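The same subunit A turns up in both complexes below, where it pairs with subunit B and then with subunit C.
Right after this comes the complex of A and B.
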């Protein structure tokens, strides 16, 4: 009988090496998968991971990776606070959707008035507040009624999903849209558009915000007392209580941060790449960000790198689909495998395998 | 091309440079397809893919065929289409309404690539739009439904509230009422094009409410299975013939057949005669196929439906010919008046006699 035994101390070295190991293992397993499908595994891996960054058309793909990574990084950074403290906001996808709805609502309310200097900032505020309000529901229920925040936040994703579908055919439907669902195209409304700041670079306000949040988050977690409280609560809730950490307030603050960042990610997306409120707007960024947060070891720099990597698998994966006729499901399996492998490798970082005579253990 | 020159030249110039030569000198052409669903969905996407493959067979080695399935409508679509352009595609078919703005955006960057967008309304110099007059098929279904129903209740599983679906409901209803003044429609909206579980639930609910004919604007065979289980309920194949459910419950079908159009457009691109067009074809060109009417239908009803099919194909009959009133009783089409394509394209109201509201 194999038994898992918790290691007394996890090696710092392995903590940082395991994500890289997981990526390499995923590439190997993925390669086998491609080979079984009769595709050249080396070419497939190269198409996914190398070509978008260094290949012939990198000038187009690099900005695409940035645009795809920005919402992932924003959401994952927000989630990392709660996850560090053992507070599980699984519903970032819902907060992302509500942020987008609120921001688009502001834009559509002012359409066609010109005034970027106040409309665009107001949309950002609306996005943040929308995400925060949606995140407060599971936070308050947890604090006052001891409900499970995982379930409540997750269920609210489906509510948000229904809301955006309803808005896209109802309240926010484009009156000039020939009866089709979907709001006006915000990219065509200069006061609300979140376009590339320098053409061809992919840099829009969301990318800049993501970078800023990474830096700020790094400073808060390393230097600020709040960062200390978050880490302490995660490692030892009892000790945190003795240190004067108000557990309920921490829950609220963590949900406010993750909800606000998810909401603003939705704002940058709906005013930029997505361009409109549409039933197909939800693209599971809020769920993928959970993978990003863990792959990045809940560390801001790690999340930055993990976000870029996941974005790369989307962009490169799409390229592999067309270039090599790989079925889209294979790419999704590939992404899922990444988290699965990481979690497996993590078990071995935190636990050691022991051969034991009798069953039991952790 | 390094980063600095790119920035200096601007993105558009870079794209143009990256895609200099328009058509291959050797007469080979690269044709791309962007699909919203999986290629084996049994309905919409599968039929585009079938038709595309028929086109590829027709041209043989002259065509280099690429496709991407499961492309979400939104920013990912724009990237998928751009990827195809960068990969050297000469003509790209984007086969879902939600690809409209992405197609237009990419088309601006690649003026030498030709685009064909299905079911949209935005055209450009290098963007054609094409769609099928499925409402012609609905007129035949409505006639059959009105004749075969015994409970005078016809169920309709509607997908997404867009003009195409509303046109289908109106057309089926008008023709059912024409042959059976007592017929009523019960309409269920499921807000999806393909969801076997929801479609089955909707079909069961309609059957329980007494409907003995179920029409569907959704792509799966689940309603047929539900009808078969209930017994004595008539259904129609959608997008595919779904003949495996004949002769009962499936008594006929609307079949999407894009192959003739795809062959014609690729041929035009090969010949250098391609230009931006707005195509809306129906039964006459075969874009809308009417599946064999099964023997479960009385012979005289079958003959009546086939006569209508032939009249529509010959251009002698238009399914939206007045007098037709709107749901609120106001006049839409005067006696003998035929709806113009503009009004049909944006149709967003029910005709008189249908109960309930279009979701909004």
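Right after this comes the complex of A and C.
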């Protein structure tokens, strides 16, 4: 019989090894899944994880990975603060959508005026504010009415989803679009476009912002009092209160950070890769970012790596879909499985396995 | 037939990394009150759990009435006549006394018969208890009676009592002792677990002393001094705290009419508490657990805010200030719950030093944390308070209770507080560590700080405090000088729960 025994201290070794173990196990389970679907498991795994980076068409896939990783990392970094403190913002997807709508609204309001020096920064501000406002709803309800922030933030995703559909066929519809849904293409509006800074690299302002946020977040968590208070709250709310942390203010600040970063991710997406407000704009980045945050151990560097890996599953999954005729839903199963496996093997960081004939009472 | 009821031979039980009991051999005679004495972690609990069938020994054997005895589970132990009253009660608040007792019995009689039996037993043994009362409304002492009566209804040959007096007022202790003596005279053996030496000397015929899982000695406690017993229990001699005469200075903390509503449904509201405390004074606050101790500490620490005008430090109104602002003016606290309130279990000692030391020790400037200074501070605490740990990078939860408590108290003492408030400073701490902590509190007062000690340990309060007050349902009626106060008077001040006999 296997018995779990609590460790005296969290294992450093397993803290770093479990994410890798989870990825490997997910690849194995995924391979079994592909085999059941009648596909060559080794080839499928190679198509998803190897080819986009090192294969023949890597020059096309690599920039795509970077573009997909940027929003994932931005959102996941924002979420990591709340998650560390035990504050569960599950609605980053909604904040991401609202950020995109607000940023696009600014761009469309100024169209076709030239003035990138103020329009683009203003869009960033609008994106951040949009995401923050959407995040403040669950935060304020939690603080003042003790509602459950998980439910409220999640529900607001569906509200945002309906809003963007309404905007794409209503307020923001392209007047020159021959009645098709969707706003103007922001990539064509030079004052608002978030294009590749160096062609063929995938490097746009969102990628730079993501890298900046990773560095800043690393510094805050290691060196700043706020980062310490976040960790303290997550470890032990009563101890944090004793140390002078104002729990309500912390909830609001964590929601502001995650909402703001999700909003700005939406801004970079709508002005860049997505190019317009459209009903199909929501792409579940806000949900995938939850996996990224946990796979990255809520650590900025870990999130950077996890974000790249999850972006790879999107890109590689797309490649496998076309090359091997694997259903597109498979990749979502894959991502879900990854989180599931990760949470399961996480037990090892705080417990050790013992083989015992029969457990005695303790 | 011998006159031994239960004899243990070579009982050994090991857990990963620690041998809880190592070759323990002793015997309990019929009609004997046998004390099991030892510090926390000495292996007392494991030993009685083996006797009660909760834990199986790795090796060794037991005989009960000269018959081999290997209880596989508590039910079997109870069937053999072994009953146990645990330190933590297992009662349902929403049910009546009789219902709770019925739940613990193998074949409960009809409710009316049971109520009758409960009345009978409670009268025979002088334990007044109404079988129809709801447990939720009972005091700790009355709850313990429920547990005891539940055991007595099964006519046990051996009654095991785990730290029974920790929740009782002195008067309730007297009633309990009377009951135990009566049981003894009727031939019931009692295994009495405690670390309170005076009680053991007053009550017990024989004492077996455990240290680090091994039996040190079996002796007659009445023939030994409390000090000899303590030294056997700890293994070394240690200095008792020394008090000096101190001159009292100006009033540092002034609390007037402090009333704070309970923050949750199970909390206690503070009602109209008033006192002044001067520099160099130690104020002892006693009382049975759950009468507002925690609430008083959080009201003073700033975790719960008080209305304006109720808490003043050196004349400054701080009722509305948060914990860190209060620290900056010199009011420091050490809460009762070490893991999860005073310290964060999974964080390192360095991080725990940062937790409250940030402001007064200059560990933060402009929001940036100075970890090397925090490490130095943690190491200073470890060195000056003899905290046994491999280093400051270790998690708080890896320390033993006594060591972590020394760390928590040391962290506040080394910040040179003007006023220090501690709640249960030596709860669950071994005797040597407790003596060191009390000495540190006395030293702090000698240096001119005001110290408030909230504690359920009366011996501790008698030993170190200058004035005494008792919390009873969130109130403190009066403060009186400790010198010349008798145990009876203290008991009455504590609210006299259980004195209505």
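The definition used in the following text is that the second predicted complex is superposed on the first by the 340 of 362 C-alpha atoms of A that agree within 3 Å, B and C clash if a C-alpha of one lies under 4 Å from a C-alpha of the other, contacts with A are read in each partner's own complex, and residues count from 1 in each chain.
We adopt the following convention: a residue touches a chain if its C-beta (ideal position, glycine included) is under 8 Å from a C-beta of that chain, and two chains touch if they have at least 3 such contacts.
A quick note: this is a predicted structure, and the numbers were derived from the prediction, not measured.
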{"item": "Touching partner for A:198 - first (subunit B), second (subunit C), both, neither", "value": "first"}
{"item": "Contacts of A:181 with subunit B and subunit C, given as first, second, both or neither", "value": "first"}
{"item": "Touched partner set for A:319, first subunit B, second subunit C, both or neither", "value": "first"}
{"item": "Touched partner set for A:283, first subunit B, second subunit C, both or neither", "value": "first"}
{"item": "Touching partner for A:275 - first (subunit B), second (subunit C), both, neither", "value": "first"}
{"item": "Of subunit B and subunit C, the chain that contacts the larger number of subunit A residues", "value": "B"}
{"item": "First, second, both or neither for A:170, with subunit B first and subunit C second", "value": "first"}
{"item": "Interface residues of subunit A shared between complexes with subunit B and subunit C", "value": "none"}
{"item": "Residues of subunit C that touch subunit A when the two form their complex", "value": "15-16, 49, 54-56, 301-303, 322-324, 327, 333, 335, 337, 340-347, 351, 354-356, 358, 364, 367-369, 371, 394-395, 397-398"}
{"item": "Contact footprint of subunit A on subunit B as seen in their complex", "value": "1, 3, 6-7, 10-11, 14-15, 18, 32, 38, 66-76, 78-80, 82-84, 86-87, 97-98, 101, 121, 160-163, 166, 191, 345-348, 359-360"}
{"item": "Contact footprint of subunit B on subunit A as seen in their complex", "value": "57, 59-60, 64, 67, 165, 169-170, 173, 178-182, 185, 198-201, 269, 273-276, 278-281, 283, 314-315, 318-319, 321-323, 325, 327-329"}
{"item": "Parts of subunit A lying in touch with subunit C, wherever the complex brings them together", "value": "5, 8-10, 223-226, 228, 231-232, 235-236, 238-244, 246, 354, 360-362"}
